[in-house]
Each structure stands twice: as structure tokens, then as C-alpha cells.
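Take a look at the structures listed below.
In the two complexes that follow, subunit A is the common piece, with subunit B as its partner first and subunit C second.
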Partner chain A sequence: MDDYLVSVLANIGMFSFIALSAYLLLLTGEISFGQQAFFAIGAYASGIATALWGLPFALALLIGAAAGGIAAGLVGLLTLRTRGLYFAMATLAFAELVRLGLQQWVYVRKIEGEPVGPNGVDGFRGIRYVFENNIAPAEFLLIIAGLLVFVLAAFAVAERGRLGSMLRLVGADPLLAESQGIDVKAVKVAAAAAAGAVAALGGCLFAHLNTFVEPRNFDIMLGVHSLAYGLIGGLGTAFGPILGVLIDVGLLESVRVFQGYRMIVFGGLVALLLVFMPRGILDETRLRWLAARLRRAPQHHAQA
Partner chain B sequence: MIAFIQSLIDGITIGSAYALLALGFALIFGVLRRLNLAYGSSILIGAFAGAAVFAQLKSGGWAVAVATIVAAVAAGVYVERLCFWAVRRGAAIASMVSSFAVWMQLDELLALLFPGRTLAFPALVERSVFELGPFQLRTEYVVMFALAVALMAALEWMIRATRFGLAVRAVTEHPEAARAMGVPVARIAFWAFLLASAVGGAAGYLMASAEEQVTLHSGMALTFTGLIAMMIGGIGSLRGAVLGGLLLGVVETLAKAHLGAWHEFPVFGLLFLVLVLRPGGLLAQDFAARDAAALRRV
Partner chain C sequence: MLRLERVTRRFGGIEAVKELDVEVPPGARLGLIGPNGSGKTTVLNLISGVVALDEGAIFWNGARIDGLPTHRFARLGVARTFQNLRLVPHMTVRENVWLAQHSLPGANALRRGTEAEIARRARVDELLAELGLEAWRDAPVAALPLPQQRRVELARALAREPALLLLDEPAGGMTPGETHAMRTLIARLVPPAVTLIVVEHKLDLVAELCPRVAVLDFGRKIAEGAPDDVLRDRKVMEIYFGRSFPSPAKSGGG
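After this line comes the complex of A and B, so read on.
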């Protein structure tokens, strides 16, 4: 595979994590403008783990995801009483506080004569684990794909079972959910923490692929984009947000014909798409239709 | 103490423009229960149109103000038709994401049309400073404040005393009841959206003429300044929007004067605290909770 294709695929993989994280919160009925905060926390925490503490990458992933999950759980706990737009703005405020905090935070150490670590506005340089351990881009892509499959499998298991119905019920009608004996608060905090951990995983991968991150990477734009991916791809399945990322990062950013006009085309297309498909391409109705088609198709074969 | 009061005065003058932005947001959210993320971009379209007219005529005056507001309203019509009117009722988040997509679209359009990205904008009055007792006032900001207050007073009159205002209040409070009383909800929403775009255009004009320039980066700042001011005040109320705008201006100015590199923290810290401690904003009203719930229906 050529390097350009690998880097495009890696980008699709990484942004899928934050898109999935926003999607998980949408399932519980909350809009978050702030998932980029946990993406950032994952990036910085895992970067510190490998570059400054010399820990292996697998452990760094765990640390990053845990840091993102804990932070998101705390925010979820604090914002339990806030709803809808208020919740969206509270998460946005938190994300901006994180970004501003990272702009001020300096934790630099000399590693082999080179200054390494978070250095305020100048960002965090020298996350060279992938480079030092001779992991080829294609190999790293496999790591990304593997983790994404793992997260998707978790989503698939959750969505098919009781947990998925519980999440959607909390999203659709918290009062009804409460009356069914569901602990709405616990579900919400748990969903927020899980979403934070998923976003943080994406951040870990982002930091290690780019070797350099800066607070600017984690601004509001990233948050609103990740929310939009789910809406474009569809809210019926976890593949929806990934389809959204595929369309944006894969199709438009990478096809160079659109250079300079990309957002004029894409913005108009998305707006039109939402007129006809307000719950995205893969919404519940189309999913059921697809599933029915897929079930029927083999039988046709048998008859023919 | 004098420095503090000076910051307070500066904050209130700049906050008056924020209050206008927040009012536009509150009007749109009130009648539609939806968030218009393209608000800042449509204002920016207006400001760039004003700057283009200025570059052609080489003089400021009415033409620039009219061009700014008309272009902002035209962009507003485009946003309203595509992202709000055309999107199915009840799909509030689809509207929000759609307006986000249009924001990206308008920004790129401006970047293509104006590769320089920064244009000169005519000042309303010549830059000068006059003294009032121990305080120094910048003339251009005082003029901006006076015009913003006049606009707010006109808006207040319109909402309180005209039939249109009554309809807007009715739709804001209870769309179904308003419909049952014969209020043409969709038409009122459209005109309120236009009014909000005009108010935004006026705010954009005042801010650009105080800065004497417009830049492409300000779209996001305009949107989120207005949104934050509205959220601090509480989305049930136009007065809350004004209060939120003024408060935001004061906090920003005080922070800039005293906190150095940390000056951006208090705004978001305040927003987060207000939302966590008082989840409906400062002037929360009963129906604010229901409004917020409207956006929960994905």
C-alpha cells in the first residue's frame, strides 16, 4: 500500500473513535460539543507514558483510556442535572478549559539530550515510540484497525443486548426508563465515562502516529465534526459514525479535485442530506430494510 | 479601584455588542427551539459585504451599514430555508448539524472570495479618547454602546408592543398553543429568524467599525460569543441574553486586564460553573427546561 493511502486510512481509523464517542452519548440523548477534551487527555496521557516514563505502548493505551474515562465520568457526574443544549455547552466549556490548560501546562524533561514533554502552546514534541520501535506505518494501521474492531464489537454486543435497549430508552424517555427500574443516573455517568475512554483511545493513537500534538488540535471544530459524523452516517448503528468519517475524511479530504472547494461541496451536500435523511444515511428504517434484503437474498439464490 | 471601574466600563461597552449577538441567538432559539451554528458566519458574510462596498466607494456611511445588514439577512434567509425550514419538524439536532455544515461552507466561500482574509472596515467616528473624571473613554466604543442600547430599546419595544412581537412571544412560550390561537407559527419563525439576522448584522457592523477591520477568523468567535452570552443568561429570556452579554464583556475585560496569559479561563470557567450549579442559566425560567428538552429529541 502506498504511504498516502495508509495515512488516509489511519486518519479515518483515528477519527472513528471520537465519532463513536459522540455517537454513544447521542444514544443516551445527550449532545456533546466536548469529546475533543478526552481525545486530548488520551493523547497527552499516553504520550507522557511512552515518551517521558518509557512505558510500553499497550500500557500507555490503558493509561490514556483510563485517564479519558475518569475525566469524562467526573464531567458526567457534574453535569447530571444539565440537559440538552445546556449539557452541550457545559461539555464545550470543559473542553475549552482543558485546551486552555494544556496551553499553559509545561512538563518537559531532557531525554537523551532532547527536551521532551508538554510545552504549553508549543505543544508536545517527541512522542517517538512508533519510530523508535520500528513500527511500520502499515503495522500501526493494523493496530488502529484492531482496536477499532474491538470497540465496534463492544458496541455490537451492547446494541444487540439489554444494554443497548437500556441506553436508547434512557435517551428517548428518562422518566419511563426510571419507572422501569433503570438507574438513569448510573447509566448516564457510565455512558459518559465509556464515551470518554473511547475518545481517549483515538487520542492515544493520534499522538503516537503524529509524534507531535498541540493544544490547537483539540479545538471546538474537532468536537462539532465528531458530532456531525454520526448524524451524517446515521444514528441506527455504530457503523453510522464510521460511514460519516469515511465520507468526510476518506472521500472529500483525500480526493484532491475538491481542494479549496471541499467545504462548499461537502457543506451543501450534508445540509441537503439532512433534509431528506434527518437521522443520517444508516438510520433505523434503512437498517431494517437492509437487514431484510440481506436475509432474503440467499433464498432467491436457492430458488434460482 | 479606579482601574477596576475603568475595566468595568470597558467591559460594559464591548458587552453591549455581545448582548446584541446573544439577542439574535435567543430570538432564533426561542421561536425554533433549534441552534443556529451558522449565525456567526452569516454575520461575517454581512461584514465582508460591507467591507467590499467600502473598498469600492472608498467612503463609509450608510451604504456600508446597509450592505452589511442586507447581506447578513440574505445569508440568514439561505440558512433558514436550507437548515431549518426544509428539515423535518422535531429533528432539532439535524438542523444544528446542518447549520454547522453551512457554517463551513460560508467560511470557505469567504476565503475564496477574499484571499487576503482581512479587510479594512470604515470607522463610525474617528478614533479618540476623552476623559470623564478619572476615567478614559474611547469614543468609538461609546458610540457603539449608544447604538447598541438604542437597538435593544427598539427591539424591546417591538417584542413588547407590536402584534408581531406578541406572536413571537406566544410562539416562544408555547408553539402548539400559539398555533391553536391562529398564530402562523412557521411564518413568524421565518420573520423572527430574519430579524435575528438583521440584529446580528448590526452587531457585526458595530464591532467591525470599532475594530476598523474584519477577519475571516471571527466567524467562530461571533457564534460562540453569542451562544455563551445567551447560555449564561438562560435561554428562556431576552433580558437574560442582554445580561449574559454584558457580564461576558465585563468578565473578559477584567480577565484581560488582570490575568495575563490566563485571561481566557474565566469565561469558560464561569460558563461551566453557571451550567453545573444553575443548569438553566442565571435568569432561568420555567419553560427554559422544556426548551432545553426540545433539543434532546435526537
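After this line comes the complex of A and C, so read on.
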């Protein structure tokens, strides 16, 4: 496979995780401008696990996801008391705190004569697990795809069961949810923690594919994009945010004709969709219509 | 047994409910009537934990429940409908009823195939059939006319298998024919063991469903008793028909 194509696909895969994490919170009616913080926590924690502690990649993924999940759960626990912009502000503030903290944080050791580890603004160099274990880019792409399928399958199971409906109910009408016996705050905190873990998984993959991360990878623009992916692609299904990533990373960022115009086109697209399709392209209504079409197709429009 | 003891709730300087005492024995049916702004909906909001009281106490089966979080009221068996309809517009009729069961004991968050889950889904379809909604089952609830939306609210409340059911203007905005149909449905579908409180402007509906009614005016209870007696009460006639109404009106007016 062409190297460029592999890297585009890997980017689509990695940013799908942070898009899904923002989507999960959007389902519960919460806007987070700070999912990049958990992406960063996953990147740094997993990098430390493999590069400094010499742990295997699978364990590093677990550590990264757990660190992201715990951090997000704590932020949620402290800030998801009230509805409104409180959580949005708090996540933004937390993400900046993490980014500025990483700029200050130095935890470097010499490994085989080379300094390795988080080194403030200079970033975290030498996350060489993929390189040292001779994992080809195409193979790493398979790891990304496998994990993404796993996460999407979890979303699909939740969506089929009561859990998905519970999240949507909490997002649509918290008072109604409470009057149906649902502890809205508990649901939101759990969703925030799960979303933190999913974003962190993306960060783990990002750090190991690039071998180098620095605090400015995780700025507010990453958070804004991840939020926009769900709003563009649609809030009716977990494939909505993936569609958003495909449009942005796969099309605007990677196809030559759009280069230089990416932010203009992307911003315009967000604005247009918010007016004409407030719940994105794949929203609940269009999905129901699609599902009905698909069910009907084999029966030759028997019920049409 | 539901008991409200000297319950007061203020909004700003206004006492929406003032020193209200109400007792509803298990399985009893109480109608709550009164003019606009008399505090009827606030009483339902207090009993369902949607708003907190300022003074007094609420007991359910002997345990004090005021001050609990709203979802705990629901888990204790309190279910309600909303005067202004609270449905999730982008969900189907069926899902709007199905969601009432999410917190029932044994509800499975992830699996649909368990025996209990299959039985619960069958119960949803049964309720929809009993309420004449099966043709709308897979339609988004926002597509339904108002009387059908009120039926979805009733179905959702019944799907919670409540011990205490609070209906807030179940026939609000309906024609006399639709009101009659709604009354018949409530009478048929609410199990006798369920304690029922109905808030309604349509006095005939309340009188036919509830052997007892309480009348609120400016947040105070001014009368309570059998519908015919209450509606002949002087104070009640004054608030419904004006100060100088000369002789007893026939019941069921208004």
C-alpha cells in the first residue's frame, strides 16, 4: 500500500477515537472542548509505559486508557453538577491546564545514551516501540483498525440495548430521565469517563505511530475539531463522527485541491450544517429513513 | 399510603402551595382541582420530586421521601405524566414507552435477548395496542396528534409499573369525545392497586374517575370530599362560578 495512503488512513483511524469520545458526550447533552486533554494523557502515559518502563504495547494501551478514563471521570465528577456551559468551560480549562502542565513537566531518563521521556516544551521523544519491534506502518494500521472496530462494536452493542437509549434520553431531557428513575449525574460521569478512555486510546496510537509528541499537538483546535466531527457526520449513530473525520482528514486535509482551504471549507461546512442539519448528516430521522429503505429493498417495495 | 404534612412551596415571594395536608390511602384515587395557578401542578411536582418543598414533609409508605433526588422518587414507584408533554421527539413511539423501563429492576443495559427483556418489550407493545397506538408504533413521536401524544405519556407512565401514578391534565387540550375516550382508557388500564392522583380542569372527568376530590385555591386546600359534595361547597362555587352565585349548581359543570 502507498505510504501516503497508509498515513492518511492511520490519521483517520486515530482521530476517529477522539471524535467518538466527543460524540459520546454529545449524546448525553454535554459539550466538551477538552477531549484533547485525555488524548494527550493517553499519549504521554502509554509513551512512558513503553519507552521508559519497557512495558509491552498492549499493557501501555491499557495504562493509557485507564489514565484517560480516570482523569475524565474526576473532571466529570467535579463539574457535571449542573447543566449548561459549565462542563464545556471546565473541560476547556482542564485541557489548557494539561497542555501547560506538560510544557513544564520533565521526566527524562537516559536509555542507551539517549535522553527519553517528557521534556517540557521540547516534547516527548523516543517513543520507539513500533520501530524497535519492526512493526510496519501497514501492520500498525491494522492495530488501529482493530481497536477502532472493537470500540465501534461496543458503541453498537450499547446502541442496540437500553444503554444507548438511556444516554440519548439523558441528553434530550434530563428531567424526564430523572423522572424515569435514571440518575442523570451518574450516567454523565460514567459517559465522561468512558469518553476519556476512548480519547486516550487514540492518543496512545498517535504517540506510538509518530514516536514523538509535544504539548502543542494537543491544543484547543484538536478539541474543537473532535467536537465538530460528530456535529458534521451526525449524532444518530457512532458512524456519524467517523464520517466527520473522513470528510475532514480524508478529504480536506489530504486531497491536494483542498489544501490551504481546509479551515475555510471546514468552518463553512460546520456553519451550514448547524443551520440546515443541526444533528448532522446521519441524524436519527435520516437513519430511520435509511433503515426503512434497506428493509424494504429486498421486498420490492411491497409496503411502499 | 401517601401523606403530605403541612407542605409549603414558594416561588419567589409567591406561596404556590401553602400548608397542604393530603392523605391518599393505598389504591385510592384522588382528584385535584382548582383554577389556573392554584398550585395543582406544583403539588404533583412535589410528590414526584421534581421540585423540592420549603416546609413540611412527604411520606410514602411510612418513609419520608422529600429531599431525595428525583430519580429516587421514580424508583420508589412514583410515575407521572406531564401537562406540557415531555416526549423525546426524535425517538419512535415505541422507544418513548420502552425508555420508561430503563431503571426497572432487572433491566439489562446491553442485552436485548434475555427473557426479562423480551417480556418487557412485549409489555410495551401490549400497552401500545391497548391505547390504540399500534399503527403509530414506529413513527417518530413528534408526528402524532396531541391526543395520541397524551396517550404515549400515559403508556410510558404505566410501563414503569407504578405504585403511585400522577396524571397532570391527561385530557388537556382534548375535545369532549377525546376526553371521554381518555377517561375510559384510564379507568380500564390503571390497575386497582395503583394509587392515583389526577389533576384536571375537566371536572366531569375527575368526578367519574375519582371518588374523592380536593380543591386548591391559591395553594391552599379549601375543600375535600366526594365530588358531588365538594362541587356544592360554597367556597368552591365561589372560585368556579364567581362570588355571588345564588343557588347550588349541578355537579359536573365547569
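Just so it is clear, the second predicted complex is superposed on the first by the 295 of 304 C-alpha atoms of A that agree within 3 Å, B and C clash if a C-alpha of one lies under 4 Å from a C-alpha of the other, contacts with A are read in each partner's own complex, and residues count from 1 in each chain.
Basically, a residue touches a chain if its C-beta (ideal position, glycine included) is under 8 Å from a C-beta of that chain, and two chains touch if they have at least 3 such contacts.
This structure is a prediction, so every number in the text was calculated from the model and none was measured.
Asker: For A:Leu294, is the partner it touches subunit B (first), subunit C (second), both, or none of the two (neither)?
Answerer: Neither partner.
Asker: If we overlay the two complexes on their shared chain A, which of subunit B and subunit C does A:Ser179 touch? Say first, second, both or neither.
Answerer: Only subunit C is touched by A:Ser179; subunit B is not.
Asker: Contact-wise, after the overlay, does A:Ala58 reach subunit B, subunit C, both or neither (first, second, both, neither)?
Answerer: The answer is neither, since A:Ala58 touches no partner chain.
Asker: Using the touch definition from the top, say if A:Arg160 reaches subunit B (first), subunit C (second), both or neither.
Answerer: A:Arg160: touches subunit C, not subunit B.
Asker: Residues of subunit A touched: more by subunit B or subunit C?
Answerer: B
Asker: With the two structures laid over each other on chain A, which partner does A:Glu30 touch: subunit B (first), subunit C (second), both, or neither?
Answerer: A:Glu30 contacts subunit B only, not subunit C.
Asker: Do subunit B and subunit C land on any of the same subunit A residues, and which?
Answerer: Residues 279 of subunit A touch both subunit B and subunit C.
Asker: Using the touch definition from the top, list the residues of subunit A that touch subunit B in their complex.
Answerer: 26, 29-31, 78-79, 81-90, 92-94, 96-97, 100, 104, 171, 220-221, 224, 227-228, 231-232, 235, 260-264, 266-272, 274-275, 278-279
Asker: Going by the contact rule set out above, which residues of subunit A touch subunit C in the complex?
Answerer: Counting only subunit A, the residues touching subunit C are 157-158, 160-163, 165-166, 168-169, 172-173, 175-184, 279, 283-285, 288.
Asker: So in the complex, the part of subunit B that touches subunit A is made up of which residues?
Answerer: Interface residues on subunit B, with respect to subunit A: 29, 35, 37, 82-83, 86-88, 91, 93-98, 100-109, 112, 220, 224, 227-228, 231, 235, 261-262, 264-265, 268-269, 271-272, 275-276, 279-281, 289, 291-296, 298.
Asker: Flag every residue of subunit C that touches subunit A in the complex, lowest number first.
Answerer: Per the touch definition, subunit C meets subunit A at residues 48-50, 69-71, 73-75, 79-80, 82, 86, 88-92, 95, 98-104, 107-112, 140, 156, 160.
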